[in-house]
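Notes follow once the structure below has been shown.
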Amino acid sequence: MAVAMSTVFFYLLGALALFFATIVVGSKRIFRGAVALMAVLAATAGFYFLLGAEFLAGIQLLVYVGGVVVLIVFVVMLTGSLGLMEDTPSFGRQVVAGLGALNFFLPVFGVLQFSALPEISHEAVALPGADVIGELLLNFGKSGYVMAFELISVLLLVALIGGLVIARKGGQRREEPT
Amino acid sequence: MIDWLAAHAPTLKHWLILSSALFAIGLYGVLARKNAISVLMSIEIMLNSAVFNLIVFNRYIAPKGADGQVFALFVIAVAAAEVVVGLAIFVTLFNRRKTLDVTQVAAMKD
Amino acid sequence: MAMLPEFILLSLAFVILLGDLFLPKTTMRQWGALLALLGLVGALGSLLLLPQDATLLGGRFVMDQITWWFKLVFLVAGLLVVGFSADLLSGRIQDQKMVLDSAAEFLAVILFTLSGMLYLVSSRDMVTLYVSLELATIPLFVLTAWSKRDELSEEAGMKYLISGALASCFMIYGLSLIYGVTGVMELTQLDAEYATHPLVWVGLAMVTAGVGFKVTLVPFHMWAADVYQGAPTLVTAFLSVASKTAGVGVLFHLYIRVFIELIPDWSPVLAIAAFVTMTLGNLVAIVQENVKRFMAFSSISQAGYILMGFLGPTQEGVVAILFYLLVYAVSNLTVFGVIILYSSSTRRENISEYRGLSRTHPGLALIMMLGLFSLAGIPPLSGFTGKFFLFSAAAKAGYYWLVVAAAVNSTVSLYYYLRIVRQMYIEAPDGSEVRVQMSWMPRMALGLALIGTILLGVVPVF
Amino acid sequence: MEENWKCLSELSWLIPGLPLLGFVLVGLGRRWLGEKLSGWLATLLVGGAAGLAVATAWTYFGYFGIGGKGPTVVAWSLPWVSYQELLKVSVGVLIDPLSLMLMVVVTGVSTLVHLYSLGYMAGDSGFSRYFAFLNLFTFSMLGLVIAPNLLQMFVFWELVGASSFFLIGFYYTKPSAVAASKKAFIVTRFADLGFLLGILLLAYYGFLMFQDLDSLQSGAYTSAGLQVLDFEYLTSLAVVNRFMELQGGTVLTVALVLLFMGAAGKSAMFPLHIWLPDAMEGPTPVSALIHAATMVVAGVYLVARLFPLFAGSPSALELVMVVGAFTSLFAASIACTQDDIKRILAFSTLSQLGYMMLALGVASPAFPLGFTASTFHLFTHAFFKALLFLGAGSVIHAVHSNNIWDMGGLAKKMPFTHAFFLIATLAIAGIPPFAGFYSKDEILLAALTSGHTWVFGIGLLVAGLTAFYMFRLYWVTFIRPPSSKAAEHAHESPWLMIVPMNVLAILSVVAGWVHFDDYVNSGFQYMVDHDSRVPLLASGAAVIGIGWSAVLYLGQKVKATAVARAAGALYRLIKRKFYVDEIYQFVTHQVIFRFIASPVAWFDRQVVDGLMNLSAAATRAMGVGLRTLQTGQIQTYSLWFIMGGMLVIFSIWITFYPY
Amino acid sequence: MGILSVLVFLPLLTAFIVVLVPEQKWQRIRWICLASTALHLLLTALMTWRFWAAAGQNVTVDRKSLLTEVYLTEKFTWFERFGVDYYLGVDGMSVAMMILTSIIIFTGVLASWEVENRTKEFFALLFVLVTGVFGVFVSFDLFLFFVFYEVAVLPMYLLIGVWGTGPKEYSAMKLTLMLMVGSALILAGILAVYHYAGITTFDLIQLSQVQYPVDMQTWVFPLFFFGFGVLGALFPFHTWSPDGHASAPTAVSMLHAGVLMKLGGYGILRVGVYLLPEGAIQWALGLMVLTTINIIYGAFGAIRQKDLKYFTAYSSVSHCGFVLFGICTLNLMGMKGAVLQMFSHGIMTGLFFALIGMVYGRTHTRMIPEMGGLAKVMPWLAVCFYIGGLASLGLPGLSGFVAESHVFLGGFFGNQWFDAGVTRALTVIATMSVVVTAVYVLRGLAQAFQGPIVDHEFEHLTDAKWFEKFSTGTLIVALFVVGLVPWFLTDMIETSVYPILNRILQAGTLVGSN
């Protein structure tokens, strides 16, 4: 029963995700794209539930959808392109971009079709939850990721400082562009 | 009906194809869109498909461990940092150039 | 205690940031560079004293001879760049437009990037590798867009960001594929049956693309020219040396440690990549006018030479790469030192504007010339010794055609290096007497770089 | 007698040494020595050498006695260059009758010319430079004559050429003199090329056969320390026979022809004679010494020295004879038409040299008389031709013009010169009591007895022609009434010039009586029946010549011009020296310079250089082309990025997929 | 610090001292340089004497030894991981070349007595160039050899670029690039030898004991020959020499034509033929044809040249052709002749370029048609020109003849692998160049020096000053010494040519057999 349900959800959410992704990429209005992006990320979160990684789904929804997309919307408004009607890229650009995308998709698709992927077990298995992840994050031992944890904190700090310095320079001391 | 659905459960190949499709669409976005922010959004999609890939592998290849999820976590954090920096640069670029159209912003050529 | 250099850098960065908060406004602008310099010297000292092999955190952080050598290059590069930055940050140069604001943040970001690179070469698993690589890349986007008054800086930042983000997407996708096949995060010696799995090849290819971006290998080098030109010269120097070495570090880890069985089959691909990289870099450099853009293509061609070391994974190849990285770092920074000091005083960035430098500033001209000759590979400077052993490694792998091509390429490179020498020595100065003032720190850094360029070639380091 | 031969042979190196010392002292010490002193120093040194030469000759013949062929003695030698094991070349002195005779002639004539020049060149700006070069010439000529091996001969051969170059170009401000010296040096240099190739050929094959010939002779050569290029080795019988067998003698013939080419160049034989008439640009005493007595006979000496080898190849001798005969006839005919006194004497030298070559050509082991006859004629010719030139010199000195038609009636004005000139003219014409008759008679005898009758016929004709043009010259300059003011008040030359001419006059008379055969002969035994008809015929031809010239030139109106107009085109052809000079000029300037040299220079500038510049331009073009890829658009960068990424995947796909 | 290191690094030391001297006192710089070159000349003489004493002992130098006896050696490891060591040593050939170089630099300094602008940098760069050249002649380690080889090439760019005349940038760039392409080929060759040898060392003597596979030699030998040939003015790659010499200042063209072009020939002998004899045997006949073209081409090229420097440059292309021709004969006389020709041509071209510099200093024109009758005004220079000219056309008694006779005899004797007819025909063509040389030398000199004075301002020109007389005098004495007393030089060179010859004979048995 659960497997059947997962098939349904898989195809439903898959379709949803792909549809919204095309909107993000194709829509003329940027704001509409941002909203579509939110939908795509939400759909992915749904996939995580399906795959049994609830914690990750939560994180995804919280950080990605909550934080990142909101930030993007905020900047869209800030740069006054709320109503911006971006003109559709010329046909030539579209073809080239399509070719570039296909150029990636086809080989990977080919590899996936022909190469022997390890067979998988369908029975619902409980992926390790937040407790195991937390334990892994701070474990000093062989399989721990404490160093990565520290580094990511430094990275976020630097991003913060960088963002401030660059953004502030624009706002506070606005010199007329030379 | 149920067993037909059960028979057609998504295998690893379907998951991967889905993620690569998302990646491809993101790629199309990067190449086609003119506005910098749209490009950034397309990159977010690609990042997202990569994270999705990780989780799929974690679920099907190494269900015992949670390495995949940990890595996914870190990638999300990095993506966030990237967006922060990106948008900061876009804001200042907009203040100076009054446009975010990537094709216009090409002062440095050959 | 293997992590001492990293700790010193991180603590130093925090000290500078906090210092800026509490101390009066200008102290950090004046003394920040000195503080950073002392910290870096401390880190370098600690590195030299450290035992050369140690593993911490259960194999996550490994320190061996090769990593030691990479860290040496990073610290030397950082030292020199901070040395050059003293005047730019403290505002003592005449051309106020070139001054970099918020000095403390600038120094802190540079130190964080450096620590990221140090962690990068010590990491042995996918997650730490990826995070430290991003720590070594994202701050560079920030640094590139740092300069307020120069409108190119933002454009360069934007381009660097988008290319960088795209590269990191490829990187993660590749890593995920590798994880998908091996099922384990650790990037250690891959056993044979995984190596032949197509997915791994695709994964490795995408990771190579990601890293190739950082090392400016040819198909992925497009961003370099604009970013090098747009970014403040100081950051360009840092980019061309430290970021490229970090990229080579990752390539090194992948190709020499993890996928070593693939080398015999992949080396034709690598040879062609090396050839195309050096040739394109050299050919386009001939016709460049802007000196920073010129240095971009010169460093692209240097990446081509470095790639030659990967062909024959013998002991000789590894030593050659490591030695050449140090030589390249020192020589490149010598040249960039002069460019930074000259352009910060006279805002001149075109090659033709270097005319008569030997008359106006004989010392600077001589240092610039020696640096350029070392990059061109002229004995007795270190560039020659480095290139010689790199070519020897490629020859040992049986790629004689590549050796001849590389030698001819270095002759073409000599042509465009001589173009600058010609402007400096043969053309008469155009009369605008602008004296370049240097405080003691950049002068000391330039001297250090020059001594490194000359001595490395003669003193048997390995 | 034995010990002074020993001591003199030790000192033999002084003979060339003294003139060398003279050259060094006068050449370098020009400022300190001053003109007068350097002139006399040079003359004394050469005089010393002459004394030594005569003494050596005297003791040599005293010690070894005359009649039989004296032994060749290498009196002194010093190692110079060692090319290879058996090719060690040394510098030394080889004494045998032939070299002695030439030593005496060279040093004798040179001393007299030195004396004469003291007077002739007085007051000239390059006085000491002149004497320095004259000494250098004497040194190199002596070096050539006493060479024990072929390479030393070649070395001094070139030095002689160089010193004649300096002397001909002595008046270097005169463009014609400069051109003449250049022409002389280049033509002789071209001929020496043949000489050098001949040496290379002989050295190579001589080297190959040295080992087994040496073992055949049970180590005779190695014990004597002989090297491949030494004359003793080359002219030894075993070697000559082996050469004759070698490839049926073709190698020997080719080598000898090449060597003869060198000799022909130096002795101005037919194809290579063009430089001698122009060489008259030099001062007259120079012409007397070099272009009459010494240098030009070097070619004859070479053929004489290698006579045993030449004897081994009849076809080579045949060539020598033909070239000699043709040159003598060719030059004699031109001499009859010339107006410049020195040109006439130059062509007469050419014709006499042809005579000597002709004599050598007819000689063969069976009839070796030709060898002695040629050397005897060389001996006598040196004296009277030098005298003729010195006489001409004093006439020019007095009249300040070379053209015989400006002279006339000088017999009364310059009695001594006239007397000596008459003696010399009689000698060269071959009138019995004088030297010329005996030597020319021997040559004609040799030609007849060796069966070459047509050569004998040409000899007779040339004898007649010689008498004709010599007396033509004599009548016009001395007997005819003076035709120009300068001729009217010409006066006798100073005694310094008269005394040497006096000595030469005596010699040109006495030299003929020497019974030459006892001193210099080729070593082959022979029997010769003195056919009395030959002297009669020779002197008869001379008398006819003299008479014919008197008829044409002595009358009031010079009938010769009428005959010349009658002869018309033929006369003009001969007068213009058969246009040989113009042909050479055409070949060198038009063909070589225009069609070879400038195309090469153009080719180098355009094609080879062009290729280099083309490659540079191509690289630059590629650079510009690739530069346009950088469009500044972030999209193109990302496109390249993705294409590149896929390229990597694709190339891996190719390398791996087949597995 | 043996004598060889002193010899190599003395010029470099002088360069540093000169840089320290303040700019205005440029007279003093000249004297420092002259003193250092004089000291150098003495040291070279001392080194020759010590070499002669050392080599003299084992006079029983057995003609059969395959190893080059190296004397006065200094050796210590440099990059021991790659087997590179600092190995200096000397054998007959190197001593001859050292003497040549020290004479040329001594006279070179004298010839550039009146260089006013930026004298300091001029002499500093000149002495760096000389260090490179000395280094090449004494180093017996391939890596060190290549380092000094490239050090010798680079200062040329600045020397010609800054102090040259005419299209100086173009010719400086062309010269540097063509020589660097040549060194690119040599680098590939060295690396091929280093990797095929199997032993990780760059020591020339050890590398020569390895028997390299014959097919490897077939493609590595041309790398060396054409690599070094570019510097030795080999036919298709000689175009840099006329332009380079014409634009270079006097001392630089003296040094370059006199010494640097000899590096090419020396390199081919020392590295090409010595290490790869089978390759040499396979290629030498074909290359002999090329070098014959080289000789004839250079000679004919010189006839039509109007500019004195181009005239000398083409004649040195022809004379360098003799060097390469001698090497290709692969027999004792030919190779010995090649080294002799290097020496004698070095002196000759040095003399020629010095004189051209002096004449140019006075008449400010190098065009032969514009000159005329100079002998009357400057007799000393005219006499020296003529002696140089006669030496270059091979007049016996001067060094040219000794060298050329060796080469002709060598060419004529040939060796057992080549078809005798071909070698002999080529030698005949080569000897013809002697006549062509006579033609262009005499035409050029007669037009320039003899005949009436063409340009009336030339009347008041002065003759050679003391330093000009001293420098041309030394060179002329050298010409006569080698011409008259050659055994001193030939024996020394022979001791070093024998090992090369033995390796060829030993290789010959292999090539001959298969």
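Chains: A, B, C, D and E, in written order; residue numbering restarts at 1 for each.
In this text, contacts are C-beta pairs under 8 Å (C-beta built on N, C-alpha and C of every residue); 3 or more make two chains touch, one makes a residue touch a chain.
Just so it is clear, the model here is predicted, and its values are computed rather than measured.
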{"item": "Minimum number of chain-to-chain contact steps, chain B to chain D", "value": "1"}
{"item": "Shared chain contacts [chain D and chain E, defined touch]", "value": "C"}
{"item": "Innermost chain, taking as reference the mean of every protein Cα atom displayed", "value": "E"}
{"item": "Chain whose average C-alpha position is farthest from chain D's own", "value": "A"}
{"item": "Chain of greatest Cα-centre distance to chain E", "value": "A"}
{"item": "Among all chain pairs, the one with the most C-beta contacts", "value": "A-B"}
{"item": "Rounded Å distance between chain B and chain C, as computed from the means of their C-alpha atoms", "value": "28"}
{"item": "Rounded Å distance between chain A and chain E, as computed from the means of their C-alpha atoms", "value": "71"}
{"item": "Approximate Å spacing (C-alpha centroids) for the pair chain B, chain E", "value": "67"}
{"item": "Inter-centroid spacing, chain E versus chain C (mean Cα positions, whole Å)", "value": "43"}
{"item": "Touching two or more other chains - residue numbers and ranges from chain A", "value": "93, 96, 100, 104, 107-108, 112, 117, 143, 145, 148, 152, 155, 158-159, 162-164, 166, 169, 177"}
{"item": "Chain D, residues touching no fewer than two other chains", "value": "627, 629-630, 632, 634-635, 638-639, 642-643, 645, 649, 653"}
{"item": "Chain B, residues touching no fewer than two other chains", "value": "16, 23, 26-27, 30-31, 39-40, 51, 56, 61, 67, 70, 74, 78, 81-82, 85, 88-90, 92, 96, 102, 105-108"}
{"item": "Touching chain combinations (by label order)", "value": "A-B, A-C, A-D, B-C, B-D, C-D, C-E, D-E"}
{"item": "Interfacial residue positions of chain D with respect to chain B in the complex", "value": "627-635, 638-639, 642"}
{"item": "Interfacial residue positions of chain C with respect to chain A in the complex", "value": "10, 17, 57-61, 101-102, 105, 108-109, 112-113, 115-116, 119, 123, 127-128, 131-132, 134-135, 138-139, 141-142, 145-146, 148-149, 151, 157, 197-199, 202"}
{"item": "Residue ranges of chain C touching chain B (in the complex, touch as defined)", "value": "126-127, 130-131, 134, 138, 141-142, 145, 151-152, 154-158, 161-162, 165-166, 168-169, 172-173, 175-177, 179-181, 183-185, 225-226, 229-230, 293"}
{"item": "Residues of chain D touching chain E in the complex", "value": "79-84, 87, 151, 154-156, 158-159, 162, 169, 172-173, 175, 178-179, 181-182, 185-186, 189-190, 193, 196-197, 200-201, 203-204, 207, 588, 592-593, 596-598, 600-601, 604, 608-609, 612, 616"}
{"item": "Partner chain C, residues of chain E touching it in the complex", "value": "77-82, 143, 146-148, 150-151, 154, 157-158, 161-162, 168-169, 173, 176-177, 180-181, 183-185, 187-188, 191-192, 194-195"}
